[in-house]
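Read through the structures below before going on.
First subunit A sits with subunit B, and in the next complex the same chain sits with subunit C.
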Partner chain A sequence: MQYLQVLANGIVLGALYACLAVGFSLVWGVLNVINMLHGSFIILGGYLTFFAWQNFGIHPLLALPFVAAILYGIGYVTQLLVINRVVSQPVLTTLTLTFGLDLILYNYMTVFYTATPRRVTLDLGHVELGGIFMPVDRLFGMVLALALTGMLYVLLRGSRIGRAIVAVRMDGAAAALMGIRINRIYAITFGIGALMAGAAGAIFSMVFPITSNLTGDFLGKAFVVCVIGGLGSVPGALVGGLALGIIESFAGQFFGPQHALTVGFLLMLVLLVVKPTGLTGIKGYE
Partner chain B sequence: MVITLDKLSRLMVATGFVAIGFAASPGNAQDTIKIGAPLALTGGLADEGHKQVVVWDMWLAKVNGAGGINVGGKKMKVEIVKYDYQTNGTRAGQLAEKLVTDDKVNFVLAPFGSGHTKIVAAVAERYQVPLLACASSSESVFNQGLKYLFGTLSPNGGVTTAVVKYFKVQVPTLKRVAVLGRDDVFPKSMAQGISEAAKAQGLDVVYDQYYAVGTMDHSASVSAIKAARPDWIYVTGYTQDLILVRKQMADLGVKAPIVSMMTGPAYKEFTDGLGNLANGVTSSNWWHHATTYKGVGVWPSTQDFYKEFVAKNKHDPDYVHASCAAATVVLQDAIERAGTLDKAKVRDALAKTDITTFYGPVKFSPNGMNQERDLPIIQVQDKTIKVLNPPEIKSADFQVMK
Partner chain C sequence: MTPTTRYLIFALWVIVLASTPLWAGNYFVRMAITIAMFSALTLSWNLIGGFTGYPSLSTAAFFGLGCYVGALSQRAGVPMILAWVAATVFVAVLAAVFGAIILRLRGHYFAIGSIGLVEVLRLVTSSWGSLTGGGDGLNVPLVQGGPNVVAQTFLAAMVTIMVIVFVVTVLVDRGRLGFGLRCIQQNEDAADMVGVDTTRYKVIAYTLSAMFCGTVGAAYASWTGYIDPTDTFSILMTIKVPVMCLLGGAGTVLGPVVGTGVYMILEEILWANFLDYNRAILGAVTVLLILFLPGGLLRISYKTVLAQLAARFNRLGAAA
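So, the complex of A and B:
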């Protein structure tokens, strides 16, 4: 029975990991930009949700689409005005740029909101199935992760914008020759990445105490999930998140909580050596 | 040395450090007492770092408002030179060194937490500069034979033994204890302390584990604790860890008659972040504003400090605020008794300190730590903090968690 609970813990935790990684994976895969802002975008989404709830009594699930839309706008503008200027440079240049932008955003959040941990104290409780406990807010996280992944998959395969994103990813120069406005597609993709961070932040405001201190932890997790699941692959973030969640959960059970994180990183190292494309092994969205 | 804006901007560009507290650098260095403070103003301990700034600024305003500190008959204004070490231990050491060698501070105030205090203490000792630590209670920091380090918190050991004794009386059936600690200097030392104290007093420690710094999920530990069926769950960590653990305990249906968290309930943000889930959680604490001490310094009584703090900040002070404010009171007292800014003489005056302040009695043990005293045990009841012990400041009876 206890192992079933450990498995359930791992699955819901994994869903949260998938939630925070899916936008990061998209941006990395399509733009070849390692977006160091991603963790701060999640926290910003969390703060916006928290203050909407505290000041106006808006439920986080209601605030979610608005927060996601605001983050989309921020992401779109950031890419259009700033990152696009260096997007064709080597990956280290864009990494340094987003790192710098992250320092600015992170420190502004610390100054404006202070680092005090804040949480939306709406406890949605848990469901119990045959002695297995599943927290409802984490189940929402799971639904969101699945929905985001599904929507992104459909968007990329079925819409004009989606096909344009895939085309740009496959061959930017050829896509430009076909009349696709590359800079706009980049901005939309980055905006979608930020939108997903904002949506994740809205759910996380009920699960985690939101503080600007967590930005680095979230970014680190997104990184590991992408490497495990497979870079740039939409289902990869889901698979990677679930794999990491389940592994950490069982590692915490067998080796003690002290070593749970180590085991997750070991898995990443092993995969980098034996299967660098990650578990899903997909190289694109085609 | 007066730091001009131009110099500062060049310094910022060259080193990337953000320096603050420079603008009000008053006059000639000889007329000013300079106190250095490497602070965590950004990064993981930013919240705690800002607490130190708040009370030091309060103290500074009061002292300078009264003309300064009396040094051998001459009133001298005080300046605190602050640098942000961004919660990066290595940088804390570098900035402490810069404060001593470049800014030529007379004394140093240590940052929050035992880990970073230890780093700064090594620098202070090397240059023989008196260092006042206000948020470090791990004996491992003070057991290094350092002569220039003085701390206003009492040792962790006294806190853990008293807590076990108290709960054994309150819950006579208490037998099984689960301990979950953050693998970090202070929280680990508290977890080790409670585990040893519980064993020494005949309790069974049925779960005794640490979680890594950066852990974002505690479901594995919480599930294992549930299986161990403890009567008392004792968790240590920083506020965000403790909020998460308490939340996950509720998520996974884990209950125990006693749930203690160090030092969660001591902070307002713990109760704010948990709402009703905070109710029933107990903690031990170094100070509570319900105490009624009278003593020396710019705040003659606990009430004076409390009233001024609440008027300025619109919330209650916690032990970090009080202990850090007390550190400046103690330093002022030592300077006045020494009658000089000579570092060795002020150090000797600090060692002889035997005073009562708004924060309580301060008398340093030979290792530089404040002596043990009866420290408050608190519980969150109906989202407010109640003092359970010691009896003279008790405001409520212990409530068993349901």
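So, the complex of A and C:
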């Protein structure tokens, strides 16, 4: 029974991880950029949701589309005006650039919002099913996270823009020859990455207290999920997220919560060397 | 710039740093120690990141490891200098083993793997409380004598380490190893094809770039007298070092030294004047550096800049 509870916790956590990492994975896969801003985007989304709730009493679910739209705008403009100038350069250049941008955003958040941990408290109670205890807000967060991740999958598979993104991921030069405007697709992709980060942050703010000190942790999670699941695909992020959530949950149970993170990172290092394509091993995008 | 000019500039800079106790107060001595320390780290990173072109982000891993090995040895009663040597050797062995595994990865995967090492080591040190003191950190036996003696001792130590790494850099740069590393940087497959033993070269470069980070770490631990996991295995440091190197010019001999000097002085001014916004300004400097100065300060050709300015001036004159 106890293990079922641990498993349930792991799945809930894993769904949130998948949602958190899928945008990062998309940007890495399509733009070949390690986006160091991702952690700060998540926290920004969480803060915007929190302040909308605290100052104006807007329900997080209602705020989420607006938060997502704001983050999309920030991501789109950042990519179009700044990152696109060096997007084809080696990894160190783009990584350093996004790290510099991250310092600016992080500084802005700590000065204007301060680093106090904040949380939207919805008080939805809890459910008990067959001995498994689960707060409803977590369950709600999980469903929302899975729904958003699923929507991204549908968007990439079904829409014109989505197919263009996948085409650019597979072969940028060929996509350009087919008349796809690469820089615009890059900006849209980066915008979607930021959007998913913001949405994940909004969900997180309903489930856990968030603070700007967590940006590095979230970024680290995104790394690990991407490597475990395989890069640049929605199913990869989903598998990686769920795997990491369940592993962390069980590692916390057996070795104590302070070792849960270490196990995740060690797994990442081992997988990097043994199977860099990740568990799903998908090379292309969908 | 001829090699002789470069060495002369470096020698002058060493004299300036080493002589700070003679002409400036403890504030400047402290800054000179920090500059020498980061110069040693940047020069080390340059061996793998600049010459070989591998985006290594593991500087803080080896620095932190050096801190802990040095501190633990000193607490066990090992004399200070021996503890530093022990840290260097330990880090070199670990880096060789880890390098042999991780250097098979390229590009983004290598970057993520090397940054993952920093995180793993930080987490292990924080949770292995019985050995490392966990999040409480470790106290290191302090050097006897007043603040002036301590400052001068560590200034001498850090400058010496910096000079050693510089000499290693020069030797690598002029030798067979440097040639092979540059081949790898330009095209690894081609280098492999024409007979460069790429794996061995990369592991040697990685080990060289790691071991002095260990020395610097151990010296840092003795200097501050207290270390903790977040301070020593810091992601900020692991990215700051490459940024400094890029600022000066990666893959050059003098670039890391110039970059570190400029960056540290800039950072100090920002800390002093804009306490709330220093991170944002550092971020802005980084962004501007990447966008407008991709080759680093040393790649700027002053003749071109002057010619451009003159052309602009002429145009203004014509318009008026």
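Operating definition for what follows: the second predicted complex is superposed on the first by the 285 of 286 C-alpha atoms of A that agree within 3 Å, B and C clash if a C-alpha of one lies under 4 Å from a C-alpha of the other, contacts with A are read in each partner's own complex, and residues count from 1 in each chain.
Here is the rule we use: contacts are C-beta pairs under 8 Å (C-beta built on N, C-alpha and C of every residue); 3 or more make two chains touch, one makes a residue touch a chain.
The model shown is predicted, which means the values in this text are computed figures rather than measured ones.
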item: Touched partner set for A:208, first subunit B, second subunit C, both or neither; value: first
item: First, second, both or neither for A:119, with subunit B first and subunit C second; value: first
item: Partner chain in contact with A:261 - subunit B first, subunit C second, else both or neither; value: both
item: Partner chain in contact with A:35 - subunit B first, subunit C second, else both or neither; value: neither
item: Which of subunit B and subunit C A:233 touches, first, second, both or neither; value: neither
item: Touched partner set for A:223, first subunit B, second subunit C, both or neither; value: second
item: Touching partner for A:85 - first (subunit B), second (subunit C), both, neither; value: second
item: Touched partner set for A:95, first subunit B, second subunit C, both or neither; value: second
item: Subunit B versus subunit C as contact partner of A:272, first or second or both or neither; value: second
item: Touching both subunit B and subunit C, residues of subunit A; value: 106-107, 220, 258-259, 261-262
item: In the complex with subunit A, residue positions of subunit B that touch it; value: 42-44, 46-47, 50, 180, 183, 209-212, 214-221, 223-224, 227, 239-240, 243-244, 247-248, 250-253, 269, 272-277
item: Subunit C - residues contacting subunit A, complex; value: 49, 53, 55, 101-102, 104-105, 107-109, 111-113, 115-117, 119-120, 123-124, 126-127, 235, 239, 242-243, 246, 276-280, 282-287, 289-291, 294
item: Partner subunit B, residues of subunit A touching it in the complex; value: 2, 5-6, 9, 12-13, 16, 106-107, 110, 114-119, 121, 123, 126, 128, 133, 135, 137-138, 207-209, 211-214, 217, 220-221, 248-253, 256-262
item: Footprint of subunit C on subunit A - complex, ascending; value: 28, 32, 34, 82, 85-86, 89-93, 95-97, 99-104, 106-108, 111, 216, 220, 223-224, 226-227, 258-259, 261-262, 265-266, 268-269, 272-273, 276
